[in-house]
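Below, each structure is written out as structure tokens.
Both of the next two complexes hold subunit A, though its partner changes from subunit B to subunit C.
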Partner chain A sequence: MRHRRRTWIPGLLLISPSLILLAVFVYGLIGWTVNLSLQDRHNARPAKGYVGLDNYTKLFTSDINDRFTHSLKNLVVFTLVFMAGTIVLGLIWALLLERRAKAEGFWRTVYLFPMAVSFVASGVVWRWLMNTGQGDSAGGINAIFHGLGLGFLESPWWTDPDWGMAAMAVPAIWQLSGYVMALFLAGFRGIPEELREAAVVDGATTFQLYRQVLFPQLTPTILSALIITGHMSMKMFDLIMSVSGAQWLTEVPAVYVWQTLLTRDYAKAAAISVFLLLIVAVVVVPYLIHVNRSEKRS
Partner chain B sequence: MSTETVAATAPAATAPRRGGPAPRQGLPRPVARTIRYGLLVLFVLIVLMPLYVLVVTSFKSGREIGVNGQWNLPETWTFASWAKAWTALGPSFGRTFQLAIPVALISSLIGAANGFVLSRWRFPGADVVFTLILFGMFIPYQAVMIPLRDVVSWLGVAPGIPTLVFVHTVYGIPICTLIFRNYYATIIPEELIEAAQMDGAGLLRTFRSLILPVSIPGFVVTVIWQFTSSWNDYLFAIFLSNTRNGPITIALNALAGAQSPDYAAAMAGALITSLPTLLVYVLLGRWFIGGMMAGSVKS
Partner chain C sequence: MRLSRRVAALAVAFGTMFATVACSSSEEPGEGTKKVEVFTWWADGGEKAGLDGLVGVFKTDCADYEFLNGAVAGGAGSNAKQVLASRLQQNDPPDTFQAHAGAELSDYINDDQLEDLSAQYTEWGLTNAFPKGLIDNLTVGGKIYSVPANIHRANVLWSNKTVLAKAGITKDATTIDGFFADLDKLKAAGVAAPLALGKDWTQQMLFEALLISKLGPEKFNGLWNGSTPWTGAEMTAAINDYKRLLTYTNKDRDTFDWTDAEKLLMDGKAAYQLMGDWEAADLDAKGFKDYGWSVFPGNGNVFQWLADSFVLPKGAKNADGTKCWLKTVGSATGQAAFNQKKGSIPARTDVGTDGFPAYQQAAMADWKTATQVPSCPHGSACAQTWQGAVGSAQGKFSSDGDVAALQTALASAAAEFGPKK
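Here is the complex of A and B:
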């Protein structure tokens, strides 16, 4: 039998169509958006020439009613509530299901359920549940609080100037906690059984077992859950459009891009998109480098 | 990473025994079990609440909406709203299958090929290439949407389902590649590929007769992922189609997005829109998490 050296050329050939598509449709188009954001292109007219960073500085200095700054603040509130909510719920669910449970598949499937529903569809029901109104026409959530005698918790939800953005995170948490649970379950499954057994043999209590053995092992999973949820919240668009109809109170940059496009201010819309991309890149690129490195070490 | 520190402190030298003693519980067993299952039930109820409201509202008559509490069952059950919703959504329902099925199949196959190359048939610079592909998974689509529409109209392609199939397939390549790369890196030993090599199998033959047959768990994950994400997508849909030729999310938004929509019809529409993806999850959900656990999703 003749030993043939494996050449890498077939591999590169097989993967090259994908690489070309991604080069054009991801990196090429990003380049084009950046290019557009440096020009003056209002309406459908051709570009009037380059204006440097004007489109960006205008977002912070002369945007009507500080709309962009407002949308960024909204994004921060939304992101914090959404990340905290999905990660806490996802972790609780994963802890409940991590050891063998009766009807395991059933619980998991139900917790993953909302993920199967589109944001547009879940927006329909959440808009209805978060309705304001009195008595019989009260939204479902306010009706529950009222019925439980917790009237002080009743709220106009997403139309509340102070808490609107936090309320907007509730449907998003409902929708995606199951996904975070799945991530954590996969993480728990990746922990070698010997570690757990060794700790138990050593007389660790359940609390010590999780605190000192399992959670440290879960750190990479928690990190990726943070990155994934953070990234999801940057892109949140359909849900906000469908729950609140993208009103000023709950506007985020991802929605503002769309609203700007409707006014045909292409260059400004491009500048907002690039800004959004920069936020994502600042977080994600170091993460990808870190993952690559730690993979090489192991 | 944390692995070393734990391995150093935990007495890993102790011979691992199957079925060793259970950890000393803080709470008596029956109490702990009651709390555990009580919580599981409570969370299931919370998660299912919105779905319950969706269902009961969709069967109420227009007159009952707003005068009857949202949690109440309908006084008279009627299918009128379902009929109305189906009239609005029916045409796009079939169209969306023409979108989601090809997207799921094509991008999974591309992902499998890429994942195989990047895990077991690497070329110089594969790491850099892989990182660039991965970043594609994280880009907010807003950053490519504006020129994408120009490119589509410049190519002279009509907006609608075929355009969306292409776009979803391309932007699905990163996630499918990642899933298969991690999956293959976990389950395919290097020696296996080398053995196939020595028997004279080239890349394509190795892929077809050695790798594809063991790829089912990976395919389940990518097919579910791509099917649901293209079925549920709204952003690409509003940019690249309209109510006459677009997928169902567009039609649903037209039905439900009005200032004061017909809520019963909107709920029925939301249910119709969600049935295929829910069915996919109920039938395949087990394997979805199973596939994720098999190492196909990076943790």
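Here is the complex of A and C:
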């Protein structure tokens, strides 16, 4: 008994600094935000007391122009386009490189490189690429279409009421599909070579090989790619802010929090933050449980 | 041994860090009776020059006190506002801080964070030195809480003379209909988007200028003090005109800052831009001489103002020194020194025009005789929360052009954030 305690105490001592930091700066702050979101608190004034879930219900009932619901809808469109785009592109690139292509390292770097660029920097570049000036004053993509005589393809991009949010997902896809490719590549490499050989010996065509042997093995990777891209898109702030300056058309909850904070409506901003945290948790928590379980198994 | 030395070094480093923090709190600005901490976001350019001019006057007029610069740079004032909010929350206000004059102060007033300066207004003779319209806009519940350092005008229409001449326009339009006719002429002359426009707050400015023309100054003031309804037929007509006005603007307006729109004007791709009078200083600085200006068509003798002002927060450590600073801010010499360098005009009407550039001299003359109205995007007409709601409604309208939705949104914004009856 005494021996046991001796090993337990130093362990706790060693871990306690990080536990304390984690408790204060991560969960403490989350708790503080939740607490703030339940209060009537605006501007610099002290809290006027607790109002229960008022700040939350107001987001759906008295928000002018249904701004919050609108930003949620935007988020859904962005997430769907972004996830589909990165996963499809990432998969295509992984398939191209998967069979030990020539100069694989080079191409891998080429695809991965955009991820090394900061969101703000690429946002600024995409802001120019999606320059909405038409005809002579067009820049970037529109200028190329104009020059090629494909004027009908010119678009105001992210100020287009129908396609604005989908257009916003394009820079995000550009930036992160390489990362998804790396995930898939690792997934392919994790499949035992014997499986592939056995399938070939059994006379499987290439299509059958991928469809029936390799892709099923890739399911866990696809799942993590979905989760990772999903939660990335929910937190997307810097890219949207730097491309569009967060106009009405492309406003998402993360941006709305920021705008609300600028008008010093602290309680409302806290409520939006907590709501966003809950959505991300819905996506991430099941995944973490799944990962923990599969780690235990292996 | 080596490790323990490293640990010791780290400990010293941390110790120093905390010691610095501790020291800084004992050397808090404004402590003692001499220092007056002046909190602004004027950290560079013409704004810094203006502040320096004001400080020069303060040093001679208030020799007993010492100026302490509490400027917080960046984010067009948003960094400073966050710092200020947290300092006020911790009951550690600077001796005075910069804020837009008018309704934007209502947040602080409602929270009981500002001292009433009405007595000082009488004592320093400000009640007569400022125009009555300004005094009315500054008064909240019979009290005045700030001293404006300057005045900017919001409802100015800037133009490119060459573009206008090419389209055969020789006279400034004085009515909205006349303006539409000129815009049509420009379109016919091949200027696809004659009215350059930028995003959010610049759209709010254009909309307000149009509202002044359509409703007149009294009803326009009423929108902000609650006496004019946002739901009326006049409003609907005004929004429809605004919708028509947008058809003359660049389609990519939502991607443009005011300086991007200004560039369209300078490049001759647009003929007009509605912007505050800081545009004059900017065009001069960029070496563009070919500009003209007029009051927005139909605004007549209405001067839509916005102002930077200083306040006396409750709990300021050096209230007497602050009062001396505020007196300097409100004085004729202080206002002349500040505004000649910042490119705005004095709020007082008795400051001589010597040393001011041509545009400012004209604006100073207008300021004396004009009818004053405030502006929401610049905080003189509405609080920040209201401003945010109007901004998003305007942003939505810019993309969908839904007249009824804009009117409903503006009305609900006024109901939620406007004055409660």
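Just so we're on the same page, the second predicted complex is superposed on the first by the 273 of 298 C-alpha atoms of A that agree within 3 Å, B and C clash if a C-alpha of one lies under 4 Å from a C-alpha of the other, contacts with A are read in each partner's own complex, and residues count from 1 in each chain.
Keep in mind that, in the parts below, a contact is a pair of C-beta atoms (placed from the backbone, for glycine too) under 8 Å apart; a residue touches a chain by one contact, two chains touch by 3 or more.
Because the structure is predicted, anything quoted here is derived from the model rather than measured.
K.L.:
Where does A:G245 make contact in the superposed view: on subunit B (first), on subunit C (second), on both, or on neither?
P.N.:
In the superposed model, A:G245 contacts both subunit B and subunit C.
K.L.:
Where does A:V51 make contact in the superposed view: on subunit B (first), on subunit C (second), on both, or on neither?
P.N.:
neither
K.L.:
Tell me the contact category for A:N65 with respect to subunit B and subunit C: first, second, both or neither.
P.N.:
Second partner only.
K.L.:
Would you sort A:E197 into first (subunit B), second (subunit C), both or neither based on which partner it touches?
P.N.:
Touch status of A:E197: first partner only.
K.L.:
Determine, under the contact definition given at the top, whether A:L80 touches first (subunit B), second (subunit C), both, or neither.
P.N.:
In the superposition, A:L80 touches no partner, neither subunit B nor subunit C.
K.L.:
Check whether subunit B or subunit C contacts more residues of subunit A in the superposed model.
P.N.:
If we count touched residues of subunit A for both partners, the winner is B.
K.L.:
Quick one: classify A:T221 as touching subunit B (first), subunit C (second), both or neither.
P.N.:
The first partner, subunit B, only.
K.L.:
So in the superposed three-chain picture, is A:V285 touching just subunit B, just subunit C, both, or none of them (first/second/both/neither)?
P.N.:
A:V285 contacts subunit B only, not subunit C.
K.L.:
Taking the superposition as given, does A:R264 touch the first partner, subunit B, the second, subunit C, both, or neither?
P.N.:
In the superposition, A:R264 contacts subunit C only.
K.L.:
Please write out, lowest number first, the residues of subunit A touched by both subunit B and subunit C across the two complexes.
P.N.:
Touching subunit B and subunit C on subunit A: residues 131, 133, 137, 245.
K.L.:
Could you list, by residue number, the parts of subunit C that touch subunit A in their complex?
P.N.:
78, 81, 84-86, 88-89, 107-108, 110-111, 113, 199-200, 250-252, 254-255, 269, 384-385, 387-389, 392-393, 395-396, 398-400, 405, 409, 412-413, 416
K.L.:
Quick check: in the complex, which residue numbers of subunit A touch subunit C?
P.N.:
Contacts found on subunit A: 42-46, 62, 64-65, 67, 127, 131-134, 137, 156, 158-159, 161, 164, 244-245, 247-249, 251, 259-260, 262-265.
K.L.:
In their shared complex, at which residues does subunit B touch subunit A?
P.N.:
1-3, 5-7, 9-12, 14, 16-17, 20-26, 36-37, 39-40, 43-44, 47-51, 53-54, 57, 66-71, 110, 113-114, 117-118, 121-124, 127, 129-136, 138-148, 150-151, 167, 170-171, 173-174, 177, 193-194, 197-200, 202-204, 228, 231-235, 238, 249, 252-253, 256-257, 259, 263, 266-267, 269-271, 273-274, 277-278, 280-282, 285-286, 288-289, 292-293, 295, 297-299
K.L.:
Mind listing the subunit A positions that touch subunit B in their complex?
P.N.:
1, 3-4, 6, 8-12, 14-15, 17-19, 21-22, 25-27, 29-30, 32-33, 36, 89, 92-93, 96-97, 101-102, 105, 107-126, 128-129, 131, 133, 136-140, 143-144, 174, 178, 182-183, 185-187, 189-190, 193-195, 197-207, 209, 212-213, 216-217, 219-221, 224, 231, 234-235, 237-238, 241-242, 245, 254, 257-258, 261, 266, 269-270, 272-274, 276-277, 280-281, 284-285, 288-289, 291-292, 294, 297-298
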